[in-house]
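Here come two complexes built around chain A, the first alongside chain B, the second alongside chain C.
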Partner chain A sequence: MRRFILGAILALMLVVGLAAPAMALTTADVTVTATPSYISISVLPTTNDFGVVAASSTPSTTTTYFTIDNNSSVVTDQTIAVTTTTWSGGVTWTHSDTCTPGADTAGLMANKGGTWGTGDIIVKNASPNPIAENQPATTDYSFGLKLYAPTSFSDGVQKQIIVRVTAVTG
Partner chain B sequence: MGVYKVKLPIRGSVVKGLLIIVPVVVLGLILVSLFMPARRVSIEGVGKVSFETTVTLSVGSEVAHANPAISLRAVGAYVSGTANLTPVIPTAQLTGDMMLCFYGTKPYSDAPTINQGWTSLGYATNGTVAAGTDVGSMQTRVFYKIAITDTETNPTITNTTNNVSGAVIIVFQKGTGESWNTLVGAGGGDATAGTGFSVTASSDVGHTTGDMVVGYAAIRSDAGTQSSISVTITGCTMGTFTESPAADLATTSGGDMAMSGGYVPVNSGTSSAAPVYASTLAASHTGSAYIVRLRASTPDISVNPTEYGFGIVTVSSTPSTTTTYFTIDNNSTIQTDQTISVTTSSWSGGSGWTHSDTATPGVDTAGLFANRGGIWGTGDIIVTYNSPNYIYENCPIGTGYSFGLKLLAPTSFSDGAQKQIIVRITAVAG
Partner chain C sequence: MKKLIGLIVLAGLLLSACAQPSAPPVVQTPEPPPELYDKIWISPGKVEVGNFYPGARAEYPLSIHNGKDEPAQFSVTYRIADNTAEGYVTAPGAAEGWVIIADPAPVLAAKETRQVLIAVEMPKGAKAPPKWEFWIAVNDVTQTGMVQTELACRWLVEMRR
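Now for the complex of A and B:
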């Protein structure tokens, strides 16, 4: 009998629930979204020291040594360049945009997570080369750098140059 | 005394089992359907496809109007005479109440007027018999006013051809948040003298659950007091008719008259014929009656679609929908004032954007415009958080419309996280 009463109560609740009218709605909501076209990248580590280099040597990092943390909300085109035409320190080195080392003239190559020698990118000062074209939003990547040391040096002072990765809307 | 057992043709245990199992299974199916996820595909921004799993819960069904809560506030006392009358508004009357003044008079051709902002809804007669003592066709008329103050001034009814007249003011209140629907009514007459008084109104003004029906009849003689008053409507189940005031008006002023009536709620159903006012007269006479329908509602609107993504936006850009992208389905049975606003002062997501109530973009500060079916740049409405602007003032009953939204993107961003805000249309009685 108890089961019978329980069943009857459930059935009654069901009927009452279905019959109850909804309240009239005095408001109507629209959810609006927008995603900022935002470009933001950072790199780690931010320094690399090739140490003492011999003339005509080509020391390099691994091709995944530097990681670009890409927080861009849109597809980007990213280029790699040096910010000056020379390496600073003592008798400066000329930076070769063709990556052709010479007397006090050095070059740099980059490689985006591949194998050195395959797909190397010349790191130039003028007309930077792309390192990541159509890079998807919020997608990180890694790269490495290879130095093409001068064929001869005029002094032993440490040289320095800044490598810059630049992202623009792709 | 013997005990007899009745053996059912079907085993009792089977019947009990079914009575338990069937409701439980049905309830279970409903619960399962309520929580069953729905797959939805939405495309956001440029080439970004996302799959979402949503759970949509819905309860009940939409109704044309809210469940009204009309009830009697108070009724005044009858007044009568051969001169102009000043019926009495009961002191309990409050702002927003519906005040009805039923006025019975002869001759039938009287053209009474009223002051204090009252309006004549209509009248009915039972013929064209000239006024005399205990004879003559009666006019039953109703005036009305929605109270605009708590203490309304009694109106005066001016009737230059008055033989005799009587009047009463009955006041009704509505539920919180409700508004009065347009007042409607109809009447008729019973020109056949007899103790069975019956008037079928000239038309069915439409009645349904929750309505309050108010009817009064004026009889040609003071001997024509009424009992067993009812209002019936085919298709509707009526509540109990309350005679109000409880005692009839019976006057020997002028050519004599009597008057009575009251109110009755519609408990359920929908009318399919004109209402019938009936009563038993203490003596055989004729008269007329007028029946008013009271209805109160809350606005009822919905919008479609309920979401919009501007996608990826650049700084200082002003992407927009068409001005007819969103459609407001307006099921309100009352005129409404509708405003548009955002529900928060900022956009959520990452470094939230401040929402500008002046639609002035800035650093991480965005604005929104709305336009109701026009051309962007003409009649744009700022979508504010504080003090919402009208998107449709005095929106007619049941009139839907469309609108669009335009984003005024910030002049610079602090991150690329998707931002979100809710735009709300709010309808109130207009």
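Now for the complex of A and C:
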């Protein structure tokens, strides 16, 4: 009798022990899922020189100057931003997130293949704006940039800022 | 006899309580379309975490491919979402400290694909909205131009109710 009870208890322990992880799945386990997809964009050309700019001028590229080669396998949302709050070089320029030029303060606009003045997008540092929402998979697009030069300069040193386009699943 | 039975039952309960969580997911490096061989790409584009709770951990490897003909260094960083998926809000400020990136600065050889493990570990007692989102951003830091590109993976986290 004693052996029988002992055997029964051991069998019960084995069953409980084996089943424990499976039971835990239904109560506590975190689920992680990912659908296979590829996010891939690149840009050409990567540079533009606005040349010598006058105070309060607004030199621009064409609105199709930069092309985003989009090889993403899914619909993407793409945003555009500058990566810093200032333009580097000599006396730095403050970057205006409202595209309001001032003394040593500049702004940037982008336009996705349209006409300047229609559908322009402010290129900000904080809270980037969308440049291509629901961009279809494997579909390229182009855009241009327009500088809003400062109303006055402290020096004539060349200035630079990096513009970044970010792609994420839409 | 009663003591023996009691001890055996206690041992069984302890063993059950010590059951280890399941091993991290083994994820095959995805086979990309041939046209992506000479491109830089990341995969997947979206990771969804469900049934999450304070004290829990979730992880998934992010594949990064260097399609260039020379080695390239990448930065893999936590990023506040520029926009969120429907029903989700941006992650709480503390979430950046919950995300672990196994290799935040991988250097990939030409045409190499590598997996970087991303984990989110929410401390016990921490608070978060029911559905929150953060991004993992991948930058090729060898880019030199005025206009650069960045690839991001959405992490959508839904808390256990």
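We adopt the following convention: the second predicted complex is superposed on the first by the 134 of 170 C-alpha atoms of A that agree within 3 Å, B and C clash if a C-alpha of one lies under 4 Å from a C-alpha of the other, contacts with A are read in each partner's own complex, and residues count from 1 in each chain.
Convention: a contact is a pair of C-beta atoms (placed from the backbone, for glycine too) under 8 Å apart; a residue touches a chain by one contact, two chains touch by 3 or more.
Bear in mind the structure is a predicted one, so any value in this text is a computation, not a measurement.
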Touching partner for A:S42 - first (chain B), second (chain C), both, neither: second
Which superposed partner A:V32 touches (first chain B, second chain C, both, neither): both
First (chain B), second (chain C), both or neither touched by A:V168: second
Residue contacts with chain A in the superposition, chain B compared against chain C: C
First (chain B), second (chain C), both or neither touched by A:N71: both
First, second, both or neither for A:P130, with chain B first and chain C second: second
Partner chain(s) touched by A:A55 [first = chain B, second = chain C, both, neither]: neither
Chain B and chain C footprints on chain A, overlapping residues: 6, 10, 13, 20-21, 24-25, 28-40, 71-74
In the complex with chain A, residue positions of chain B that touch it: 16, 19-24, 26-27, 30, 44-46, 59-63, 65-67, 177, 297-303, 305-315, 319, 326, 328, 331-332, 343, 347, 349, 366, 368, 405, 407, 409-410, 413, 415-428
Of chain A, residues touching chain B in the complex: 3-4, 6-8, 10-11, 13-14, 18, 20-40, 71-75, 137-138
Chain A-touching residues of chain C, taken from the complex the two chains share: 1, 4-5, 8-9, 11-12, 15-16, 19-22, 25, 27, 30, 32-33, 35-36, 39-53, 56-60, 81-83, 135, 137, 143-154
Contact footprint of chain C on chain A as seen in their complex: 2, 5-6, 9-10, 12-13, 16-17, 20-21, 24-25, 28-43, 45-48, 66, 68-69, 71-74, 76-77, 79, 81, 83, 127-128, 130, 145, 160-169
